[in-house]
């Protein structure tokens, strides 16, 4: 697959379910194991939720573009927004010792993904790139055998 | 909803299920009745299948871009390809009296959609625009009441 | 998203049960299973569509081919258990009356 | 994609059963249902998560709030029937041990 799958949704939380469905379907069809798929879906959901909350500050009708590429063992997702750019050092999880609501999204992303980078080197908005090495159906069958 | 939902897939028949799922999800969330949703999904599937067969002549790794907009009572879908442009007069269903395989896709599209237009007025490929007046959940509830 | 196929032979009748969406990516698989059924001594070939909620023009085209194969081989060709979604597509294609259509697989198999 | 909520009061315990995906679009609904349960004379507040296969950080945040409300109100706060997907998220958040978690709703309600 060299042509990626792209999905663009409005920045409304009600479309997060749509983006999860698309990704589920895509990962299923690539024979990515269920538990891995679940975690990748979580990261994409959290990244989009952060775009809605922080980049678009709750505005529901701005574009969020997600691009999914599966190439070999690499699953790559890019999330592009055109909202407020922030000081990248601000993007960080809370201290997990401190049990309080919030600050978990970026922790999930950092914990699950192998590589996470935010790029604001453009006129508007941010491009988030997340990469995860995955075992597709083929690879995991070989491992079992 | 003024930001449309966009989905771009490779021109491989295996992604037709993905595009159907996305549309199902979107129409569900807009409370479009099931039977209407089913017919709209059929049209989009047929249009994409035609792009794969005729515009890309079976090549599986070219982009197909679908854009869905629901505005008021209008459901609009645009299918963009970058393949072979054809003589638009060639795009027509077979005579239905003549029972034979093939030639049904465009018949479904013409029968179901209120407005269908193909535009080749660009350097590469075709933009198909299909529009259907729909009753969303709200409208149909009012009709029942 | 692929379809599952099951073959059931009983006497001189054979039933092909299809499960899943029949679209451009899966109709060839159904065609490959259906075609050989007309080359044997099956008097009746039934396609059970109870597990199919979606069919597109490529699926319909394959069933129209089945009709032609049955004319050539003198076997009967019957469709059973169309779900509302599938029935609707046949109706838009104006093909519902062209096929022998039965409510259930059992009725389609009755002599 | 929204969640369904069901409230079940039995003696001085109350169970909130959640069905569906808990995400940014639905967690507020769960929060609105959960918050008032700590203002009444419920000794035990149970959230039955057997119908939830997906939860994100906003859902977890709401449950962490529940924990805080329970500390303030001296009611017990318990989670029941975590599906593998939900359990995994709690584990990545390192929060599984912070909550009282029970295999089933019945066990969570046992005195």
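Per-chain residue numbering starts at 1, and chain names A, B, C and D are given in the order in which the chains are listed.
Here is the rule we use: a contact is a pair of C-beta atoms (placed from the backbone, for glycine too) under 8 Å apart; a residue touches a chain by one contact, two chains touch by 3 or more.
Please read these numbers as outputs of a predicted model, since none were measured by experiment.
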Mind listing the touching groups among the other chains when chain B isn't counted? A, D | C
If you average the CA coordinates per chain, which chain's centre is most distant from that of chain A? C
Any idea how many Å lie between the Cα centroids of chain A and chain B? 28
How many Å are there between the centre of chain B and the centre of chain D, using C-alpha atoms for each centre? 42
Rounded Å distance between chain B and chain C, as computed from the means of their C-alpha atoms: 26
Contacts with 2+ other chains: residues of chain C: 1
Which positions in chain B touch two or more other chains at once? 14, 17-18, 29
If you go through all the chains, which pairs of them touch? A-B, A-D, B-C
Hey, which residues of chain C end up touching chain B in the complex? 1, 21, 23-25, 54, 56-58, 60-62, 64-65, 67-68, 84-85, 88-89, 92-95, 98
For the complex, give me every residue of chain A touching chain B. 1-11, 14-15, 17-18, 21-22, 25-26, 29, 61-63, 65
Contact set on chain A toward chain D in their complex: 12-14, 16-18, 20, 35, 38-39, 41-42, 45-46, 49, 52-53, 96, 99-102, 104-105, 107-108, 111-112
